[in-house]
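For clarity, chains are labelled A, B, C and D in written order, and residue numbers in each chain start from 1.
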Amino acid sequence: MGLVEIATGKVLSSFSVFLFLTILLLVVARRISTSVLLFSVQSAIIAAEVFATGFRERLAEAYVVGALILVIKVVAIPRAFFGLVDHLKTSHDVKASTTPTQSVFIAAAMIYLSYAAVHSYGQSVHVPEDALAASVALILTGAFLMVSRNKALMQMLGLLVLENGIFLAALTTTFGMPLVIEIGVFFDILIGLLLMGIFTFRIRDTFDHLDVSKLRRLRG
Amino acid sequence: MKIAINVLQALALILGGPLVRGIVARVKAFLQRRQGASIWRPYSDLAKLFRKEDLVPPTASSIFRVVPFVLFGTTICVASFVPLVQPSALLASRGDFFLFVYLLAMGRFFLSLGGFDGGSSFGGMGASREALVSSLAEAPFLLSLVAVAILASHADIAGMVAWTMQQNIFNISAVHILAFTSLAMVVIAETGRMPVDNPTTHLELTMIHEGMVLEYSGPRLALIEWASAVKLHAMLALLVALFVPWGMASSVSVGAIGLALILYCAKAAPLMVLLAVIESGMAKLRMYLVPDFLGVASAVSALAVIFTILVKR
Amino acid sequence: MQLVSIDRAFVFLLATLGLFSPLVLVASQAKRARILAIALIVGSNVVGCFVAALCFWRESVVLVDFSSFTPFPFALEIDRLSALFLLLICTVAVPVAIFAVSYFGDHYGKERRNWMWAFFSLFLVSMIVVVTARTGFAFLVGWELMTLLSAGLILMEGDSTERRHNVFLYLLMMHAGAAAVVASFFLFLPYSHSLDFASIRTASGAVPAGTRTLVFLLAFLGFGTKAGIIPLHLWLPRAHPIAPSPVSALMSGVMLKTAVYGFVRFVFDFLGGGPWWSGYAVLSVAAVTGLLGILYAIAENDLKRLLAYSSVENIGIIFLGLGTSLIFLAHHAPVWAGLALVGALLHAFNHALFKSLLFLGAGAISNAAHTVDLEKLGGLQSRMPVTGATLLVACCSIAGLPLFNGFVSEWVIFRSLLAGSVLINTKAQVLLPLTVGVLALIGGLAAACFVKVFGVAFLGRPRSKAAEHAEEVPLAMRTGLGLLATSCVGIGIFPGLLLRPLVSLVQVLVPGAGVPPETVSIARVIPFAAAIILGVSITAALLKRRERMVRTWACGLPGLTSRMQYTSTAFSKPIRFVFSSVYRPDRKIDKLPTDQPYFPVSITYRSVRTTSYEKAIYRPFAEMILSAAHRLRRMQTGNIQVYLLYIFLTLVLLLAFLRFQK
Amino acid sequence: MILLMPLLIALLGAFVVLGFRNPRLATRAALLIGGLEIASLVVIVWQVHERGALQVGRYLRVDGLSSFFLMNIAFISGLVLVYASGYLSHTGEGRFSSPRWFYALVFLFLFTMISVCLSANLGLLWIMMEGTTLASALLVGFYNTEGAVEAGWKYLMVCTVGIAFALFGTIVLYLAAVKAGMNPPAALNWVSLMDAVPRMGLDPHLVKLAFVFIIVGYGTKIGFVPMHSWLPDAHAEAPTPISALLSAVLLNCAMYAVMRYEVIVSHSVGPAFPHTLLLIFGVLSIVVAGLLILVQRNLKRLMAYSSVEHMGIIAIGLGLGGPLGLFGALLHTFNHSVAKSLLFFSAGNVRHNFGTLRMDSITGMSRTMPQTSAALIVGGLAIVGLPPFSLFISEFAILSQAFTQAQYFVATLFLITLSVVFGGFAYHFLRLLGGEPNSVPPSSKLIPSEYSVMGIAALCLICFGVRVPHLFSVLVQEAIAVLR
């Protein structure tokens, strides 16, 4: 028992550090598969966080949610991504429009920013500041990935990271939303990813590339 | 009785018109060291024209035929606004000087149309020049009248005259001088005298009035000529009445009226001489200098209006 | 009992024009149906004349309220001011409709003719709604519809690129003007809590000075756009000439007057006079409008464009009267304010009559000679004597000659300007009398302009084959022309008919305005003058004389051709020369070939006038807006990443805003 | 139970239609199902009108506001289904671009939109909002052309990102409610939130934070500038019936979501904050969209920007509040829907007759396609807010409110924009309709399914411009009662 308690505490206190690590790695990753793997790890950390919270707050629902994360985000989605990469026969390059150095500095700035942003809120809401900062940082990173990566797949990944951030925020502040809603959200994300997958195929078929920055026929 | 005198003074204006022309021509002749025709010559000219047959160009429409009558009618009407021997007129009413000016304009309007109807280039040319002159002359004309009206606090010519009569003759204000100058210039422009127009020439470079009436002949020309004579007389009479009215009959008696009539002739004579002097002493202005001439008149009349404030204070 | 019947007559007018006639025309192509509809249009306008006349002379008030039916209060009421303008609309509409019977018949096929009539009828009703509206909602509905329907009528005539461009300009400027009108209505709203005229009137006392100024400015801007004051006139000389002549007649003659109505309603009825400087502002703008309007008019060779510019000039004269009235109001001289207002309203009425007559005349000319280019006309008087006579009446009226109606109103304005000298205020004391000079100059130029119109178009020799073969227009057209000409002369000789009710109307609008003796005296003296002139002229004409045809004097040369006549361009040359600074013509002479200047093969000469407003005001403004639009368009890059960035930035900005707010 | 009917019909209908391989049968089935769907919606609206709010379980609820939007959905979807029945005959067969797929997706789309209006839970609301994106993304990309795929991708990504923020906003509001002591299940139920909020004293800062995220999130879906970027692409590339649905129904549904939050936030921190935000977005939208309308070259993009502008107008109406502002805003949602669907229908005819929507390559349409031109004229006059069309009424109401509250800045920009937009439409339409025709379309006549819906829409525009029917204004008043 004591061991479990200690482990829970450790997880809760240290997971944000790991999350920051994944963030930094994500922004410098050059290959799609690396990024997907990092996303998987990130999701796993969050899943651990969910389980830990569920254990500490005695929430049965949290276990279900945690399991869902494990199944969907840690396993299913990364697998689907790998499958997509294979099927699309596209290069593994993420096609970043920023250099890795820039990216790292931007990511660091974002982490700092998120601490700065959370500082005032954290005190008013009484939640662990680290966790909230991590979630904000995740949101920002997701946004950054979507804006700076030209590959359609990386945009999807950015969206997922962003969504992870939102989920984490919900988790740390309110211990998650009601289960039905949570499941609905998961369902939506799944369908959304499915559709995005369909569209990546269509983009590949019609344009022979997956570079979204070149989709500029419609403008003005 | 008063009305009868008003009618009579209008008639005097109308019938005396050709005489004014004759006198001016005679003085001019004198100044130019010529013998000159009799001062009654215009009357015999009119009589001759009335006897002649009317020549009408084939292009002319009914307008051509109607114009002289309308012109004559309006000019007669104009004459009934001007006080001659007493400070009243047949059609005197509040604000009548606007009507006075516009009746003159009406005559010109129709005369210009008559000029067009001949179908030659001279008529149109005359009309075009007339249009320029008259459109520019209207403003100083009205403004100088307005200046006098403001000073007199009366909006009718007779009222202005009556007011001026009550003033001391030596008490003439700057407004009067300015207004007189401007009005005199306008009279020259309006009646088609030198240096704006040369009433005796038929040279295409210079003519205005004569260009318009080129196609007219016989009785119609007679009416036109008479009308223009009446117009000249009426304008002179207006100058006299507005600026040197002293001596007009303030009561309705034969003696006073007779005296006023004689005095009127005495007052008008210098003006006619002045006109003759100007005519013989000045060369005709180039067409495009006429606007400058009228511009001076406008400026002077505007000054007259502005000065009314100073004077009235 | 009688009031009820007037009410009913008014409803009949609205229903016939607004509902029944258009429905009949749209539903059926049959000749009988069309005749019925047209008869109803004419008939209902005659009824409208009676209704308006009763309200105008007898001071009855008619009220028709649809408020329970419409989403916002929609009520119509004929008070005296409305009655005057209703009278104006219906009086002009009757002859115009009669004229249009044969004009539309000659120009359009069956189907389009029916649509034309339907729009014509609706156009009339929209103007009636504008002048009789008692709520802001009704006014604005009528106001917008008026523009739309007239634009529709213009487009039905044809839709070439140039026409569409002109219609576009018209619509756009009208919409912008309407926006100003809307704003000036709504500015009352916080104080009056409804747009009912009565409540606006009562609340206007509570409106703070700043808002009053704003209301005044917006009303001036909005109605000024509709009226065509310079420099907001740009649309007018483009839209009016391209409409079918009867429609031009309505647009120039009547529609412009609704703007005058609106201005009077706002500034006099609602505000009871603007800020102290308002009169001077209106006066100076009006003087510029009048002067430039007539100068542009005189330089035109296209008859309808010329007439359109002359409308600008006349609007200038009307606003001159309004401005004078405002100055008097500001200096607490209600009697003279009333007189100036009488002048302005009377001129509005008169202008409606003679300008629609002129436009109808232009229609008759185009009907007979297939052109309205003055340079191709000439000698029409002997070919179309009735048209010529009526147009002569119109030209005399618009030139402000005595015995015609234009003179009376100008006279009243002159008189009120002169009265400026009685004010204590030095500014007004100088400015108003000096404006006499401006108005005189405008009048003189107008006379010159219309000498040109009539002289070039109707007198002398025909300048083209078409003009040579012109024939007198059909009876319907002549009737329309004749009716209008008669009313011009009628009012010109017996101005008392309109002056007296106008004075009592003005007494309502300007509290304390007595009956100025001037109105009585002018009404008395003019018939005498007319008697003298007519008597003398007719007597002289009756004198016995012999006439003989003789060739025109051609300096002894044979064969005077029509090309030797003075042209319209030549006629206006002296005036254009003198005022050349106003026109700022863009002259361009191209000689070909360029290397041999003394032996040109061809010389082309172009001169573009009156585009300085476009260049100085409108183009830069339009380009500013368009460049902003293009810049925005470039921001829509097509790159999804940029789009996402916009979203993120918005979020960040809002969060910063939140932080800042805290 | 009645509340479940439209949902079930739509959901089952989607699968039923998928079963018909014959295009004609599929169309008929779709019309039948659509009829049922509309009937059930009408019954709901009627019952709400008769008996007040209805609730089923914890998650479904209808009150005046939602019933107003349900009516909107019913009306427009009816028009769209009928129009589509004729329109689809022009499209070729593809793997997924057959009528049965089309209708199946349309019913799914309808399902999500109706659920948005029916849901009583903010979480469910979010799920269904996201559902609308998902259901319509494939419809946007239906033609599978370059443009369609590009538009579909942008639509999907931009809206998903936007709506993710809305999720965050929902969570923050939930957090605030839970922190204030509400029990978790009720903290997402807007009825209990509205009841509880004034009493409980939510952390105002969190509430504001939530609203910022909500308005950015759902605002993306509404098409507020600068989140509007997906909108012209999606509207222009989608099949015309879908453009009409997007513009006339989807945007309104998103607006409905914002309205819900606006009420809650107003109850919590006072109306000033949400109103300011709405006014900012409203003004920004009308100004930017108004300017962009001037420089459009594609007819449907023009319409799309006009939708952005009108959403801005509605936002201004909401942001002003007050009886006339809300009345105007709600009326405007309906009026805009009708006018915009009429315009899109006309644009659809233009497209399949000329094969293009580029306005500079079409002239003289009034001669070659008089009926469509008439529809364009009516729609155009209505959309720029001229009498006697209904949008004039709603804009008049909103303007009245703006001036009554002395919001001169907003009112001025509003008026100027109206003129700019008018200029844009006049310019484009005069070029499109007037002049000599440069090409002759194959068929100038409309088929019954086209002219019937266009006629109904045009008639509706005029009728509502002359008089707002009593029943309709009662419905509007009931909706306003919820918003107060």
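Operating definition for what follows: contacts are C-beta pairs under 8 Å (C-beta built on N, C-alpha and C of every residue); 3 or more make two chains touch, one makes a residue touch a chain.
Please read all numbers here as calculations on a predicted model, not as lab measurements.
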item	value
Neighbouring chains common to chain C and chain D, by label	A
Chain pair that, of all pairs, has the most C-beta pairs in contact	B-C
Chain nearest the overall Cα centroid	C
Rounded Å distance, chain B centre to chain C centre (Cα mean)	36
Separation of chain A from chain C, taking each centre as the mean of its C-alpha atoms, in whole Å	69
Chain centre separation in whole Å, for chain B relative to chain A (CA means)	100
Centre-to-centre distance between chain D and chain B (centres being mean Cα positions), rounded to whole Å	78
Residue list for chain A, restricted to those that touch at least two other chains	143, 146, 155, 212, 215, 217-218, 220
Per-residue overlap in chain B, given as positions that touch at least 2 other chains	none
Of all residues in chain C, the ones touching two or more other chains	633, 636, 640, 644, 655
Interchain contacts (touch definition) - all pairs	A-C, A-D, B-C, C-D
Chain B-facing residues of chain C, complex	379, 381-382, 385, 388, 392, 396, 399-403, 407, 411, 414-415, 418, 421-422, 426, 429-430, 433-434, 436-438, 440-441, 443-445, 447-448, 450-452, 454-456, 458-461, 517-518, 521-522, 524-526, 528-529, 532-538, 540-541, 543, 545-554, 560, 562, 564-567, 570-575, 577-578
Parts of chain D lying in touch with chain C, wherever the complex brings them together	153-154, 157-158, 161-162, 165, 205, 208-209, 212-213, 215-216, 220, 226-227, 229-230, 232, 277, 288, 291-292, 294-295, 366, 381, 386-388, 392-393, 396-397, 399-400, 402-406, 411-412, 415-416, 418-420, 422-423, 426-427, 430-431, 433-435, 466-468, 473
Touch list for chain C against partner chain A, complex	633-634, 636-641, 644-645, 648, 655
Chain D partner contacts - residues on chain A that touch it in the complex	121, 124-125, 139, 143, 146, 152, 155, 159, 162-163, 166, 169-170, 173-174, 177-178, 180-181, 184-185, 187-188, 191-192, 195-196, 198-199, 202-203, 206-207, 212, 215, 217-218, 220
Residues of chain D defined as touching chain A within the complex	59, 121, 123-124, 126-127, 130-131, 133-134, 137-138, 141, 144-147, 149-154, 156-157, 160-161, 164, 167-168, 171-172, 174-175, 178-179, 184-185, 188, 203, 205-206, 209, 232-233, 236-237, 292, 295-297, 301
